[in-house]
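Each structure below appears as structure tokens.
Next, two complexes with chain A in common: one pairs it with chain B, the other with chain C.
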Partner chain A sequence: MDISTGATVKSHCVGTTAIVYASDYLNKLTGEKIERECRRQLDSGCRALVIDFADTQLVNSIGISILLGIIDIAEKSGAQVVFSDVNNQTIQLFDMLGLTRHVALAKNEQEALSTLSGFNPMPTLH
Partner chain B sequence: MEASTHKLIHTFGALADLGQEVANTGDFTEMVRTSLHLLLGTLALRRGAVAECNDLKNLGCVAIWGLDHTFLKEFSVTEQEQSELLGIESPALLVKESNASFLQRYHEPLIAGGIELVVPMIVRRELTGFVLLGGKASGEEFSADDFETIRAMVRHIGVGIHTHRLIEQVAQRAEENRRLYEELRAIYRDTVRAFAAAIDIKDKYTQGHSERVGRYSEIIAREMGWSEDEVEGIQIAGYLHDVGKLVVDRNIINAPYHIDAKSSSELNRHPVAGYEILSPINHPYADIPLMAKYHHERLDGRGYPDGLTDEQIPLGAKIVSLADSFDAMTTDRPYRRRRSFEDVIRDLRENSGTQFEPKVVVAFARAILNEISGNAKERRIVKMLGKGYLDGERVPLLLTDLIAELDGNLQSTAAGS
Partner chain C sequence: MSTADFNSRVLARVPRHDFVGRGDELDRIVKHANAQNGRGLLLLMTPSAGCSELLRQAYDRLFNQQSDVIPLYYAFTRHETTAVSAAIEFLQTVLQQYLAFRRKEPALCRAPITLQDVLELAPSSDLEWIEPLVKMYERIRFSNDNKALVRFCLGAPQRIPVRSGKAFVMFDGAQLADDLNGSVVLGAELLRVFGRSGQSFVIAGLRRQILDSARAAESNFELLDLLRLEQLSSEEAHSLVDHVALRSKVVLSREVRDLLVQQFDGSPFFITNFLHTARDRNIALNTYLDCERLYVDELLGGHINHHFTNLLEEMAPHIDKRVRLIRVMWEAVAGDEKSASVEGWRRRLEAEPAEFENTLHQLHIQEFVNWTGAAVDATTGSQTWKDYLRAAYRLAINADPRALVVAETIADSLKRAPNTMARHYKQSDRIDLRRVAGTFDCQRVPAVLFDYRAFSKTYKGMDEVELQAQIASETNLVKLPQTVHVASCYAFDSASRKAYEEERCVVAHAFEDGIYTDAQQTVWLIADLESKLEVDLELAKSWFDRLDSLARQNDFQRYRVWLISNEGFDEPASDLLRQHEAFCSSKRQLEILIQQIGATLAVQPAPVEAADEFLMVVPMGEENELLAASAVEQIARRLTFPPQAINQIKTAIVEACINASEHSHSPDRKIYQRFRVESDKLVVTISSRGIVPTNVGSNNAHLSKQESSDAVAEERRGWGLKLIRSLMDEVEFQRVDEGTSLRMTKYLRTS
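Here is the complex of A and B:
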């Protein structure tokens, strides 16, 4: 498994799925780096994104806005997005704000990859 | 944790971040972009934009998120539409429902772009711009709480934009003031030069003297490492050092031979008269009247008007004194031809420490040496002295010797003390 740390965001690919690791605090600085990395992966041909939140303690408003942007970009590229290893507090936040209507949640990376193997196109957001 | 508590914490966090962001006076566009992100992220809105009023009628988008590249970047708003918007009490206008003329006019592109809400930013009864917002990612309608959150956050963004504009205006005015000040200084300098010319016209034998003394003084001060402001100041002092001659009888100034004691005493009044003329003026540079008053003082106390000694004489007056004497020695007078450069150097050597300040003499000699050896950008002293005056083979040696001797004296005096 080849892990790249381009733009200080760790990521690697499994087939056509890119796994991108979010940092401990998802804010403007780290959020924009993740967004850039996701764009890069989609531009290089990835058909699905797994964003791993294992290290993420907190997501602020800017983080939410950027994650919505990533969902948008993925949708336009016809790619699916899965959030994995999200802590309970962040799941509540994603639920409350409606993000979970547009992304699948997985307990961990393996489960995320399994979810994606039975790939179903995402519902279109408007 | 209850969902409502969770939502409150999330919103408070965003408001705190927004407060910090709008107080940031750095990159304006980045401030607006981040503020938009914060607003969108607080309610999980998929898209939005902030449009700022560029002038009374036109708005331009400063930040856009999640909108197609074909979405409008510019809007216009009529006076009538503005007064209508200022009168609306609702904090946000629903694009689908509002009857506001502005929204009616832009209804189609707003709907096509997925914009659901238009929130005017009104600060001090003035339209600062608009925040345009798309729908919630949850697909839910906006609640009353959502409208309150939007109202609070948009007010913050509006104040941030308004403050930025004020800072820009202040900076613009400061720049205008700086330019005006520069212009005033230039006018002052030109007036002083014209005045110097007027002083010199009174003395038919020394035309251009004040201007040359100003230039020599400036060159010496610069060689001594003075700041640009100080250099400008001493140049002015040089131009005006003889202003007191305006009150001296023209016949005394223009006497073709040595004057008698009475006339000499009348002529010697000019430094004090100059001080009295210059003192009431609020000069942009320090000590100009004092430099005029003391430019005939000597280190040994035998000068006039006050017989001051070494440390009592301001350095500026010492510089003007040397520049004045140097010009007197190197220009023709009614009763004699100008002296040779070798003779002038001899005079400077003999009178250093009694009439002239040695440090000032060394600086002047260095400035001349730099010009004749090609180390100076301009050859201003050479030009003022005229063609051929500094061409002698011995000139560099004379200057080097003078500098070495006076420098040596200065160093041994310093070591002795």
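Here is the complex of A and C:
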């Protein structure tokens, strides 16, 4: 296993949806970086968050508690959250700690974006 | 007789390299001797802090130096019964040690010689002053003028001719001088004679007694220097235990070593005697149980017992009065009486006023009590003293069976041991607020360091390098005041002793801009709150109210409350504190502040040696749990565990490591891992030193997989154990004296 922790969190926006990429190990340090990035995206007007776990091999309970905090923050901002590309082991952990009750899961980023467009929480402006 | 070389051991009982923990004090005494500026040095010792070996080491260094400083060491002992006999013994010692020094013969210091031998051994150049001295002594000795005889003997060092060198006298155990019978109060006389001699000297003894004697002798404090000798620090005491155990060939574990240091509060006297008993009885000290069994033996019949019993016999020679004293003392300790009436004590002791005052004075000197005017506080003695007192009370007053007292004292000591260590670890792990506040000296620091919400918003999750750069470029700065005094909150409100742990809560008196006016005077009340999560409104409010109330009680005109917690403060708590203009910071902010003002953190725990061959040891933090996870992955692959199971084991290990790091207050900051491969399973044991969690032991030793998810949801940061239990097949806390040892088993399922 070759795990390293990146100094920054990668992200990009698709419309009003921010896609934030979790690193290979989700712990307190990397969790807080994701939280910071999500806050920044919400503050700059994003209405939905996709957190992509394609690179994530290992998560710990503190990282999961921070994810719950992000879900709370998003809820308060009226934003949707979807987790994408979560591996089976991690889904098992999310299940154990009740995280999957609060968030939608998608196979990959595209499915996540489709899921969100289905929700479409933003009113259409004329 | 052998001639001295540079490292000869003359009076010292241990080699120089085995003498630990008093290096600065030793240098100070030797420097004082070499300065020869005619000043006295009062060595003020905390009871049982031990200063005899320090003085003997100083003697040896000066002896081996063979300069014009002639070292002379005299220890008062309980064997001397009168001031006259002690003074005569002193004269004999002076002449003997003088000759040993002049002839460079260390063995002469310890040889049993008479005054006649002195005359025969003295070089001819010294006979011209020694012979008349001995003759005059013989004459005065039979003159029936005790005061003259005592003064003559004490004045002997002044008769050494200048051409031979300058005498430097060190008196040890000076508190015993005042207890000698006769018409002369020797302690005060000592200070009078040497205070006027123009020679440099050292008088060492119990701090309260020595200062009393100096005042009684109307000493000129302008000519006296003071050197305070406290108990050893934890690091010094650890080193002492290691050295004595090695020298005495006593096997002991690190856990027991650390417990001894805490239990005896770093007292070299008790630690050394305890280890000598272990040596004499050939007892290995591997566990707390080994340690406490021997401790109770010592308490009820060994060195500790003799030490305290002798002191009590001196204070109350008659058995009935002694028993009454034990009763009154223990009942005051057990009742936590901090301010008992002196008159009440006198009536209960049925003592005459003069006799009672003498007893109380002795108790005060030994620091068994604090006696101030009409009140006496018996709660301040050491834990060892209280244990002795309790056992003595049960045996002498309750007439409890000795076996019962022994058994219950062992049990009580064992129950107390984990708490003693937990208290110590928490304290060691904590940033020393006293030191931080004491470093405030008008430095300008970023205001954001005192505002958790602002810090959290801007800096939380930021890369470390970027954070440091941005903090450095902060333009909104606050100027710290200049601190002039820092003390524990407890010192200002002793009634709230339990609420204010010594170093967790301090009061700092300071001046803004370092300008000493009423308008600039301010007081900072600082508390470090214990919380795993952000502090909530309720906790923040209770601490703010407590400190605010303390400030009002003490009539602080301008004050500032500053609350600190590991993880900061939630929004309602921050809002409340902001409304009251209080500061709040997380531990991270505090660490940055410390970097900025250059204060040093709490004492760092000493590193441990490499673990044994079956252990993998990683330092806590720095994502080192990943190293353990990698190691177990390799091992599990060899056992052909499926990928999902490997991931489960890795996650469980990561959680166990995080738990150990977060909850143990570990003194060595290490995680010990043992991986055992068996045919059908992998057993992983993760251990750490430190605090024993409250959920370990009794019915929680074997953990069930059933647990309420609702309760867990409320405590997000308590998920580690739940995960471990779900991911592994068997989870068990093993019994250890301190810290935790979590054994996790995963079975290899071939089906």
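Keep this in mind: the second predicted complex is superposed on the first by the 112 of 126 C-alpha atoms of A that agree within 3 Å, B and C clash if a C-alpha of one lies under 4 Å from a C-alpha of the other, contacts with A are read in each partner's own complex, and residues count from 1 in each chain.
In the analysis below, a contact is a pair of C-beta atoms (placed from the backbone, for glycine too) under 8 Å apart; a residue touches a chain by one contact, two chains touch by 3 or more.
Since we're looking at a predicted model, the values are computed, not measured.
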Quick check on the chain A-based superposition: chain B and chain C, clash or fit? clash
First (chain B), second (chain C), both or neither touched by A:S117: neither
After superposition on the shared chain, which partner residues are touched by A:L99: those of chain B (first), chain C (second), both, or neither? first
Per the contact definition in the header, classify A:D72: touching chain B only (first), chain C only (second), both, or neither. first
Once the shared chain is lined up, is A:S44 touching chain B (first), chain C (second), both, or neither of them? neither
Which partner does A:I64 contact after superposing on A: first (chain B), second (chain C), both, neither? both
So, does A:N108 touch the first partner chain B, the second partner chain C, both, or neither? neither
Just name the clashing stretch of chain B against chain C, choosing from 93-101, 219-227 or 273-281. 273-281
Need the overlap of the two footprints on chain A, from chain B and from chain C, as residue ranges. 60-62, 64-65, 68, 89, 93, 96-98
Parts of chain B lying in touch with chain A, wherever the complex brings them together: 1, 3, 6-7, 10, 13-14, 17, 34, 37-46, 65-66, 114, 135-140
Show which residues of chain C lie in contact with chain A when the two form their complex. 460-463, 465, 623, 625-626, 629-630, 633, 644, 647-648, 650-651, 654-655, 658, 709, 712-713, 716-717, 719-720, 722-723, 726
Would you pull the chain A residues touching chain C in the complex into a rising list? 1, 3, 5, 7-8, 25, 27, 29, 32-37, 58-62, 64-65, 68, 88-89, 93, 96-98
Which part of chain A faces chain B closely enough to touch in the complex? 28, 60-66, 68-69, 72, 89, 92-93, 95-99, 101-102, 125-126
